[in-house]
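Data first, discussion second: the structure below is written as structure tokens.
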Amino acid sequence: MTNEGRQVVIPGQILGDTPTFKPGRGTFVENKKIYAERLGVLNIQDAFIHIIPLKGRYDPIIGDLVIGIVEEASASHWMVDINAPSPAVLHVHEVPWEIEYADTEKYLNTGDTILAKVLSVDESKRLQITLNDRNLFKLKDGHLIEFEPSVYRRIMGKKYSMIEIIQKYTRCRIKVGKNGRIWIDGDAEGIEKVLQAISKIESEAITFGLTDRIEELLKKDAKDVR
Amino acid sequence: MTIVPIIKRDYIIKLAEQGKRIDGRDFNHYRKIEIETNVVNKAEGSARVKIGNTQVLCGIKMDIGEPFPDTPATGVMSTAAEFVPLASPDFESGPPREDAIELARVVDRGVRESQVIQLEKLCITPGEKVWLVFIDIHILDYDGNLFDAASLAALAALSTTKVPVSRFLKDLNEKDRTSWQKQILDLYTIPGVDEIPFGADEANKNPNPIQDFPLPMTEPPISCTAVKINDFILFDPCFDEEVIADVRLTVATDHNGDIRAMQKGLSGSFSKEEIQKVIKGALDNGKEVRKTLKDVVSS
Amino acid sequence: MKSDIELIDTEGKRNDGRGPQDIRKIKIEAGVLHRADGSCYLEWGGNKVLVAVYGPREAVPRHTQNPLKAIVQARYNMAAFSVEDRKRPGPDRRSVEISKVISEALEKIVLTDQFPRASIDVCIEVLDAEAGTRCAGLTAAGVALIDAGIPMRDIPVACAAGKINGQVVLDLGKEEDNFGDADLPIAISPRTGEVLLLQMDGHLTYEEFNEAFDLAVKGCHMVSEIQKKAIMDKYQTAAAEVNE
């Protein structure tokens, strides 16, 4: 198998001319030429040239599901680390609890982990997140690991195929944050297998046939899959 | 500062209750140790030690200087550690933090008190000129257990150190040279030889006073570190274990199985039984680590 | 004058065997550290340099934040044992200056407006020094920034030219740096030719400067190819192996 469809590109590399092609994500234009702005994999769709990044910090987009770690509680809000270039604000109005002034610590405190959604990103990239949704909550038990945020799409797979396979064979509850964090709950053995699968996906992210290889890896010692 | 999520902490404890660790090791087991020597050309001796993902580089520089007045015929050693911001998102640039100073002092004690370097053999002219040995520890990648990585790097670097006589010869006057000739004979007693003339290289076999020679050393003690998390004692903690640990103990043991240095760290506490347990584990692990070190420096 | 030491013979052969337009041997490896967001190890002649990149992350202290773009903070540091006579650990005036000019060079290339209020930290550790450490450090920083996934206009690269015994040569070695007539380290954006860093000390005529500058640019392009290969080795080859 060749790498043809997954060409690695680097910053400053020329990718095409405008207007034949249109500049997409991860590119910039100078003198009608489209260049890559970061390390990534080339992806051309409907004349749009995109770069799918291979490395880099999480870049928050409104509506993203993220896993946050509470840094500190203030009287009216919490500061939450979501692995982005700056911490996010979780305002007391954005949680499902009735909180009296300065009572924030009772609900969430330093070191707590939450499954949240990006509520807003302003021009200077100030971030707000929310817990106001029935699928969002404080995470308890289980294990938390980090992964390269650019690998998110591979971990989920096409139409969630990858994550479903992982859940099926490990019988773990898994929540994947777009910000490069995964929460896993299950028995130690199951969690260990999830970790193996994630690390394989990370190191082989730009290859073909990954879903099959992950299924093989998990199948090997899975005896009682329903 | 990196905040450790409570669920990660709880998970490490939950695993420990089942006798497991997050990277699959037994409580007493070390991660893979790799030692590479002579990695810095400008240094008189150097070594890079990896324990798992932790990486420490140690370089030895030597110079000629004055002895301390109370030990006029003894060489001088000093140890410094740099926690450079390269190694961890939590390390900041600037003057050494107290962590770096503690690390440097613990490594220094391990070398000094056990007379690993035979400083009395590093005198040139008593009261005037002695060899200075600088041990500099550079942390490159921090994934826990810097104490063991740093002291092992220092020992490996010292083992490969050559006293740079040839480079400093120009700094020695007639008096120094005469005195040094005597010293070098004390260092390497040769029957029937009572003077080795300077500059006569071919005619005289080793040792030659203008030749660089290996730093005179004795068998070093080996440091092993464990942390306590709840009631569990874990050796060679990785970063995730170290940041949630209650208390830490480093024990340096020698080749006779005796204890040569100890350092308790962090704000938790140990019982006597727990300390004994760490000492026993340090003795067992020390043997393995000593073998790893010997294999590298003697090859 | 100090140029009475012979550094280059009549045949144009330098003391280390190189010709006037030869560069020292360079080895680059990307992604060598576990904690850093991006990293690079580089050997250039007798120089050994390790670079880590952290960020973009919240700039601290807060007053350093720029509401419109990220700041790039390079920190050049020499290990105590990296030089002939032991250096006192920690920053000195020389390293502060070099950190500043490297920060400014990188800031021009990084697309900083994507990360308001953030900081991109570039830690350059010189582990073994033998003339040309700032060029080695900046070149390694370019690779480490890519390894960290930082968006950039180009891959910055540096190389020096100089004058020894009255002759313009590429990439001064230790002796040539100590006893030569002039040193001209530059950093460029190889795609556009823009000059990002330029320093010079010694003595050059206007004509000699032009010659040295062109030679240094040529050197930069040579080094740039090695940078690109190091990145491809890390990312494209890794993919190819699994696919076979």
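Should a chain be cited, it is by its letter among A, B and C, assigned in written order, with residues numbered from 1 in that chain.
Everything below uses one rule, namely that a residue touches a chain if its C-beta (ideal position, glycine included) is under 8 Å from a C-beta of that chain, and two chains touch if they have at least 3 such contacts.
A quick note: this is a predicted structure, and the numbers were derived from the prediction, not measured.
Visitor: Just to be sure I understand: going only through chains that touch, what's the smallest number of steps from chain A to chain C?
Guide: Minimal hop count between chain A and chain C: 1.
Visitor: More contacting C-beta pairs: A-B or B-C?
Guide: Counting C-beta pairs in contact, B-C comes out ahead.
Visitor: How many Å are there between the centre of chain B and the centre of chain C, using C-alpha atoms for each centre?
Guide: Spacing between the chain centres: roughly 32 Å.
Visitor: When the centre of a chain is set as the mean of its C-alpha atoms, what distance in Å lies between chain A and chain B?
Guide: Spacing between the chain centres: roughly 41 Å.
Visitor: By the touch rule stated above, which residues of chain C touch at least two different other chains?
Guide: 57
Visitor: Which of the residues in chain A end up touching chain B in this complex?
Guide: Going through chain A, the ones touching chain B are 69-71, 81, 110-113, 139-144, 183, 188, 192.
Visitor: Flag every residue of chain B that touches chain C in the complex, lowest number first.
Guide: 39-43, 46, 53, 55, 57, 59-61, 63, 80, 82, 84-89, 93-96, 134, 136, 138, 140-143
Visitor: Can you list the chain C residues touching chain B in their complex?
Guide: Interface residues on chain C, with respect to chain B: 33-36, 46, 48, 50-52, 54, 57, 75, 77, 79-86, 89-91, 121, 123, 125, 127-130.
Visitor: Please output the residues of chain A touching chain C within their complex, sorted ascending.
Guide: That would be residues 1-3, 6, 8, 10-12, 26, 28, 35, 37-39, 53-57, 85-87, 123-126, 150, 203-204, 206-208 of chain A.
Visitor: Chain A touches which residues of chain B in the complex?
Guide: Residues in contact with chain A: 3-11, 14-15, 18, 20, 24.
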